[in-house]
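Take a look at the structures below.
Each of the next two complexes has chain A plus one other chain: chain B in the first, chain C in the second.
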Partner chain A sequence: MDARVELLLGALASTILLLIAGMVIFVLLKGMPSFTNNGISWFGFGGNVDQQLMDIFNSPANPADYNYELHAGPLLYATALITGAAIVISTAFAVLSAIFIVEFAPHNIRRVLEPVVRLLAAVPSVIYGLIGILVVVPWVADNLISEDRKESVAYVIQLDGTSILVGILILCIMISPIMIAIIVDALRSVPVTWTQGAAALGVNRWRSMWTVSLRAARPAIVAAAVLASARALGEAIMLSMVAGSVGFAPNPLDGFTFFLEPARPLASTIVDNAEGLSVVPFGQTMYAFAAILLVSSAFLSFGGWAARRSLSKYTLGAR
Partner chain B sequence: MNKTKFSLAWLLATVMALVAIPAGAQAATITLSGSTSVAPLATLWAQKYVKTKQGKGTKFKILQGGSDVGISDISRGRVTIGMSSRDPKPSDPGGITFNRVAKDAICLVTNPANGVSGFDQALVQNIFSGKIRSWSQVPGAKEQGTIDLFVRTPASGTQDAFDKIFMSPEKIFSGASQKASNGLVQQSVQRDKAGIGYVSEAFTDGLTIGSYKGVPCSLRNAKSGQYGGVRSFYFVTLGTATGSAKKFIDWTRNNKAALKIAASEWVPFK
Partner chain C sequence: MQPTARKPVKVESSWSIMDRVGLGLAWAAGLSLCLVAGSIIAYMAYKGIQYVSWEMITSAPEASLDQSATGGFLDPIIGSLVLTVIGIVIAVPVGVAVAVWLTEYGRPSGLARAVESGVEIVAGTPSIVLAIFGLLIFQQSFMGLFSFTAEGGAVFGRSFIAAGAMMSIVALPLVIGATREAMMTIPRHVREASYALGKDRATTIRRVLLPSARSGIATGATLGMGRIIGDTAIVVILLGASMQISPEDGFGGIFRGTGSTLTSYVYNNSPAGEGNAPEKAYAAAFVLLLIVIFLNAAVGLIGRRNKPQWN
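Moving on, here comes the complex of A and B:
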């Protein structure tokens, strides 16, 4: 009986692994024509990516004349920018919130905060998108975007409120709760004798949190960041609504206007253009985007695992 | 449960499932998918059709996703009828028939606070291609600031029609914000005083409708042929229409009640 259960569970686990591997291989194979026709310039900048997508979509019906030219630099840049900024800000915010919840919060506030944080982690992302587009975007358009600012970039891009600022802000709000929940659990699972030892040496609460508990919980913080980044990478509909639906690469040299310029990460590009899949080269380009997303997630997971391994070398045997 | 009983149970369950599936497909179901412009009209028609004698008991499922989704779905036989708001293209899959069922007007819309209502082709091309970026250069505009353009994604039938009728050979400004449906363009222009966009005539509530080449965008002008921005709505079928699809399409083209429904916000077939 035990042997049969072992086989069954092993079969289930392998099925899932096979499904995932099959999915990655399928997407890579389907998207390969887009990569082979462009070579390394697929990842570069050059020309207007929206116009290139339109030209691919309007390819003639003859397979020999399919148009594949694409320089997806602006989309990759937008993805890295929005995801990276959201992760950095959320990690800082989540760590400080978690320390507050574990150590400093009065008992009544902690009793309310913890369930609320877990509840927020489960809210569907479309709701954040709706609130963003109905409340935050008009507020940004009315208060932060002055007429001078709009005119200064008028011939390059239009500033209408949908921007990377709103995108990063709402993405942070979206991924922070799950990070807070994971880090709180990690901080709680630090052996209590360690913090008692710090208290015995006369260290105050903040210092003992910072030097003892947080240091021990570093692998968990990395794990939380990787989990949140996977969610941020895949966030399509919300970012398509609030971060602007233009394949534009925001220019840091514009100063503060940089934050008010729209951008469109890879997942949002796929969702905005999903209608055109029946045109063969267009569908293959979308598959190429999906392949990049899958490979990035895989690399992120691998990087997280490697970081956690190297970090756990420096904690005592508790890990 | 011993081995034989367990396998017998599985066999029974499989047989039951196989029998149940065809039994459930007795009543006629018509699935439509495709253009977001055609979907409201198709919904109204479906609601009327199930009340008629020939349509009694028919179940309708209407999905959206854009004209190209509809064409792709029908070419693979996934739906009964595909809805398209654009003309056939050479790159479309083969073996499908475009049956025109109505016509629609594409209106240029601006925010009521701005209220621009007179457009000619040169002005439309200059605004949407980005040559003119400020409302102060547009005659009749109450706003003075930068123009905010709202267009559709490349796969949209409305986008295709706009390009062919108004824009060609000019290309749309690269910084224009691409929206996924008529409703989103309508909502964006409603909330932005400096906004301008194009929508199907059914989506013009709360906006100032522009006149093109001196003719206001209205259904009467579209039907009489005076308004220049008219495009066709098609029900796409695999091969020529047969069976329940043919009955439905013929009903929409000939039945008086169906034509009256189409005339409420679109240009009817007859």
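Moving on, here comes the complex of A and C:
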């Protein structure tokens, strides 16, 4: 009986594995035509992405005449920009907040803050998007975008408040709580003898936290950053609501206006264009985007695992 | 005897400049965290209480040009409920089975490691990718019985079952993780005692280990529920865009039909969607937030309640 149960459970687990592998392979296969028809220029810049998507959508019904031309540079740039900035800012913010919660917070504040942080980590992204689009975006439009600013870029893009500034800001608020929760757990699990030893040597509280506990918690920080960046990479709904729905590549040479220009990362592009999936070349282009997202998040997991392994040589056991 | 005359020693504070800067930054981060968290909760509460009303929760939405006649969001609430039930009903048995196999059996070890990596990949996949993949599967012609098929053979591919199946994939890693943790904390001597009494492994799992892991499984299921309720991308793509729940005729009824959930309702009523009824959006978002708070509290309670003692 035991052997039968083992076989059954093993078969179930293998089926799940096959399903997951099938998902990855299918998405890659479905998106392949878009890559093969464009070659390396798929990743480059050139022309208006929205216009190219529209042309793909309108391509004639004859399979030989499908239009595939796409230079997805602006979308990749927007994704990298928004995700990268959010991760860097959030990691710094989360580490400092975690240190505050573990070491310096008054007892009453700590008792309230911890469940609140856990709650914030569970809030759905639509709610963040709603607050963003109804509160933050109008504020930015009224206070940060003057007429002159609008004039200066009017020949390229309209500024209406939806911008990468709001996108990065709300994305930071969205991914920080989960990072804070993980880092707080890691800081707490540092053996108390280590911190007591530091105190016995006369090290002050900040320094012992920085040089002892934080170093010990480095694998957890990497794990938290990887988790948060996977979430940031795939965030479609909130960014589609607040970062603008235009496939535009913000220009850093515009100075401060750079932050006020809209952009649209890959995931939001898929959500915004979901109705057109039935048109074959359009659908294949969308699957190509999904393939990029899938490969990036797989790379992230692998990179995080590799980084954690190399760090855990110096710290507490396996994590 | 007089103490030896010494130059007075200047006692330096043990906090250097950099340390003070660090302390200041930590306090700044902590206080701004409090501020942001507090303002989000306070603002949602303020706007929500302002707009939500009992009749909103209990009346169905209706299409209308006049904002005051567009009804409430009963159908989205039912939609969220149906999706969660479908997702959990699929995810929990499968997840517990996979977790049990991983912890108790797990041979060959290469396969076990592959399954673990696979689950981790799914955990990190954006839900939009899962949604597109779901569309890919459910629009195949042999999947026609799971949704509506138009004349001409085009399978619609969007239904409660399609969305529910993808939601279960979203919840699966959480269930597997929580169950594995629960099973791994059961000490070895419990299993050995069961084997010593002559029970084989399958019976041990069924009679001894799983009942003790109940709270872990419940935690995983509740975490999964929280994730399912909050997911918008899968709903927007896989549930069809009908405001009201429209079941299909014939076998399956509501499962093959389309509808909406609280999340897609909020999305559609915000300036990003078609509506432009921020009051409805706020009210629905408030209800959603209350549900999430409740689920979160439930996870905490479940975790604290059934802590089995092994000694």
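The rule we apply is simple: the second predicted complex is superposed on the first by the 299 of 319 C-alpha atoms of A that agree within 3 Å, B and C clash if a C-alpha of one lies under 4 Å from a C-alpha of the other, contacts with A are read in each partner's own complex, and residues count from 1 in each chain.
Rule of thumb we're sticking to: a contact is a pair of C-beta atoms (placed from the backbone, for glycine too) under 8 Å apart; a residue touches a chain by one contact, two chains touch by 3 or more.
Keep in mind the model is a prediction, meaning the values are calculated, not measured.
Between chain B (first) and chain C (second), which, if any, makes contact with A:30: first, second, both or neither?
Second partner only.
Does the superposition put A:5 against chain B (first), chain C (second), both, or neither?
Only chain C is touched by A:5; chain B is not.
With the two structures laid over each other on chain A, which partner does A:277 touch: chain B (first), chain C (second), both, or neither?
Both partners.
Please work out whether A:58 is in contact with chain B alone, chain C alone, both, or neither, and reply first, second, both or neither.
A:58: touches chain B, not chain C.
Have a look at where A:150 lands relative to chain B and chain C in the superposition and call it first, second, both or neither.
First partner only.
Per the overlay, which chain contacts more chain A residues, chain B or chain C?
After superposing on chain A, more of chain A is contacted by C.
Overlap of the chain B and chain C footprints on chain A, residue-wise?
Common interface on chain A, chain B vs chain C: 240, 245, 274, 277-278.
For a test of understanding, state which residues of chain B touch chain A in their complex under the given definition.
Where chain B meets chain A, its residues are 65-69, 71-72, 75, 90-93, 130, 133-134, 145-149, 153-156, 171, 174-180, 188, 191-192, 194-195.
For chain A, which residues are in contact with chain C within the complex?
Against chain C, the touching part of chain A is residues 1-2, 5-6, 9-10, 12-14, 16-17, 20-21, 23-24, 26-27, 30, 93, 96-97, 99-101, 103-105, 109, 113, 115-120, 122-127, 129-131, 133-135, 173, 176, 180, 202-204, 206-207, 210, 227, 230, 233-237, 240-241, 245, 267, 270-271, 274, 277-278, 286-287, 290, 293-294, 297-298, 300-301.
Which bits of chain A are touching chain B when the two form their complex?
Contact set of chain A toward chain B: 48, 50-51, 53-54, 57-61, 138, 141, 147, 150-151, 154-162, 240, 244-246, 248, 262, 272-279, 282.
Any idea which chain C residues touch chain A in the complex?
14-15, 19-20, 22-23, 25-30, 33-34, 36-37, 40-41, 43-44, 94, 97-98, 100-102, 105, 107, 111-112, 114-115, 118-122, 124-130, 132-133, 135-136, 154, 172, 200-203, 205, 226, 229-233, 236-237, 263, 266-267, 270-272, 278, 281-282, 285, 288-289, 292-293, 295-296, 300
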